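The two complexes that follow have chain A in common; it is paired with chain B in the first and with chain C in the second.
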Partner chain A sequence: MEDDYYSVESILAENQKIQCQFKIDIPDMGHLDGGNERDIKALSKIQIPMWMAYILIYSDYADFTIPLPFSARVRNALNAEARSVRLSGLVGQGGLWYGFGRMIMRLLNDIPAQEVSDVLTKTFRSRLPEVIDQAHHFAAASGSGGGAIGSDEATMAFREGLDGTERDLFMLAQENARRTKRWYETSEKARRS
Partner chain B sequence: MALPPPLRTSVTPAELELIACEQLVDIIPLVAMERTAFISGAYGPLRPPAKCKVPIWMATNLKLKKKCHIVPPDWLNVDFLQDRLTRETSQPEFSELPFRFAEVAKVILDVASDDISNPEKVRSLLQDIREARQAKSRDGVSKLDHSELSLPNLCAMEINEIRPFFVRSMGVLTQLVRQPDPGRMDQME
Partner chain C sequence: MAAATHQYGDLATQLLVESRRSTATDTLLKYNDVLVRSIVREQRQLEALLQAALAAHPDEVAPNPLLPTILLYQTAINRNKRCLLAYHAHRIDRLKDLYWSVGGALPLLLSMPSAAPAHANADGQGNAAAAPADVRSKLSPHEVDFLRSYNTSILTLRTEAFSSAASMSQDDAGALTEDVDLMAPVVKPPKDLHVLVRVVRDCGVVHTEQGAIDFRRGHRFLVRRADVEHLIVQGFLEEV
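Right, the complex of A and B next:
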């Protein structure tokens, strides 16, 4: 989730496609659409990966529409209950919803950008406690021989719906909780004597 | 970085324990010893039955050889901890406790439980306090924002436990909050 040139995450998030509408004819580039046309005609709509879309949009060759993962429908769902939206389902394999959103936010100006930013931060903050809770829960469960915890469908769906960024946080929290718990539970008397 | 990944995010509980063991504690020695110089300083002389201040690591070492009794710190007893637990559960903020209480308490309970009155009760009180405080720091997660977080009276072990994901989440939030900087779009690519 950073701008680093070498950040694999940011490269993966750039692989997301957004829909662009071209404003001008572009010859010999029809293969971008995977289609049979030789040229890209003005006003045609094509899915373009993010990393290519930047230059097209900044050079004013094309306009883009807000992609599906940030559409009004998803926003409404997030507003209603952020924790029940499956973010990973919204953005394909890598599942970097936040990274993708941040790129969209940077492409936009003023009010729309602020809106996207608000959606992102609000979603992140309302989902974070649940992420941490479950991480702790799992750390505790794995220490004492697992058990039937986590079989609850709602929590399982939430875990499957974690976006890549949240998944990292989950692992961090889990690892640390586990380590602290281990320390609390082991008596070091044997080691000392 | 040469450190293995699990050690990069924060120090381990065992390391915190090591640091905490530099703190001084009162002991009642059972053997006599001249004042002796160690790397961290000179301690002693030990003259039974007079009390003496030594670091916890030395106290535990002597204790395990049955050469001293450890005098528990004034906060490590049932009355004090009971009082803190009541405050912890009745007030929204973290109650005041020694910064490294978790480490010190664990070490002393581990090696010198016979020097503490009612060690089982102390143990369960410490556990309760820990759980009450954990619940509070979990609530803190929802108040997280990208620039600051203030949780006064949090102690070393608790800070260490929540540090990695708090830092990371704040980092993420920083990225998600939009800076109202007009020059930004131009310098992007």
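Right, the complex of A and C next:
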């Protein structure tokens, strides 16, 4: 996901909400909570979309709590076995877990930021081989008229748990496998004739 | 509060979800005039609120107590602006792709009747270049203007920079064949001067070097490639 000003994906990714605790009263903004209060009171906790949260946090009007997808519980699960965590379930359908993580990382400083960064890279590294592996076998299975390789429940669950970025990579790897196969077949034919 | 039921930026999000759908399905969706207008209206509202908040505490030495509120209005305005710009930039990109996919035949693009795509699909060849379905009705007037001036710019570039006629103004018809044809497809270089084509859509009588040919649907012709190149790009003819 690039950070271009005109990037549709980047804009939509900033709709991801995080919880903020306000340090001061903000007049006339009570509707952000969906409630009927006129003002936002200090110490109230409200879910705010990222694009709005930046200014509040940088201006020191509010603090944010680490959102659920990066909570200690999820981190422990990732540490235990990264491939068994359903990332798509954490950020919603088609969500970008890594993109979201990067946004959070930038809001943090020093050690916490480094921690989130480590979690992201480590998770990505341990999941990537599985993603590519499955993409290749998935293509082969569907290409040869549906073998039994892709029907395993664990691999299916993993496939459904891919986040947006991984899904894109999966598609690319699949296309790659398909093209390699086609190239191999056509060049073979040319050699024989 | 006017915006009691929805958050700022919700409308703009709707607009961008549409852009994403357009990319995912690879189609040009209809210009969403209603939504764009309501976002612009929201912008006006926000500005009014912002001005009111500024006016409530004029020219004091002490900082305005409404400062956080003002900042939030400002952020919402910037956000909406970014969304609107991104929506339009995304559409412009698609329009340019469309323009090149028909080989720069703007009149064809704009006059494409809604019946044509069904016609082309009936032939079952799935020619991607012939796909633009009734483009005109999906555009806003400004987008039509954009396409026109884009077309003009391309034509200017073609005649001024890439045409040998510009340097050799004495020769007329002879020099034209040596032009660099910007609109030519570059996917694969031709191996033969002649090409066997099948007519996918009627395109009337075309004058070629071998004389006039009446391209009727379903017929096949062996013609010089240079004569019909543009018709192939525009999806009237199909190489066999």
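Here, the second predicted complex is superposed on the first by the 184 of 193 C-alpha atoms of A that agree within 3 Å, B and C clash if a C-alpha of one lies under 4 Å from a C-alpha of the other, contacts with A are read in each partner's own complex, and residues count from 1 in each chain.
Just so we're on the same page, a residue touches a chain if its C-beta (ideal position, glycine included) is under 8 Å from a C-beta of that chain, and two chains touch if they have at least 3 such contacts.
Here the structure is a predicted model, which means the values were calculated and not measured.
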Touching partner for A:55 - first (chain B), second (chain C), both, neither: both
First, second, both or neither for A:42, with chain B first and chain C second: neither
Which of chain B and chain C A:27 touches, first, second, both or neither: second
First (chain B), second (chain C), both or neither touched by A:179: first
Partner chain(s) touched by A:11 [first = chain B, second = chain C, both, neither]: second
Chain B versus chain C as contact partner of A:128, first or second or both or neither: first
Touching partner for A:156 - first (chain B), second (chain C), both, neither: neither
Contacts of A:114 with chain B and chain C, given as first, second, both or neither: first
First, second, both or neither for A:101, with chain B first and chain C second: first
More chain A residues in contact - chain B or chain C: B
Residues on chain A lying within both footprints (that of chain B and that of chain C): 54-55
Interface residues, chain A side, partner chain C - complex: 5-9, 11-12, 15, 24, 26-29, 31-32, 49, 51-52, 54-56, 59, 61
Touch list for chain C against partner chain A, complex: 1, 3-4, 7-9, 13, 16-17, 19-20, 23, 49, 53, 65-66, 68-69, 71-72, 75-76, 79, 82-83, 85-86, 89-90
Of chain B, residues touching chain A in the complex: 6, 9-10, 12-14, 17, 60-61, 64, 106-107, 110-111, 130, 138, 141-142, 144, 146, 157, 160-165, 168-169, 171-173, 175-178, 184-185, 188-189
Of chain A, residues touching chain B in the complex: 1-2, 54-55, 58, 98, 101-102, 105-106, 109, 113-114, 117, 120-121, 124-126, 128-129, 132-133, 135-136, 165, 168-169, 172-173, 175-177, 179-180, 182-184, 187-189, 192-193
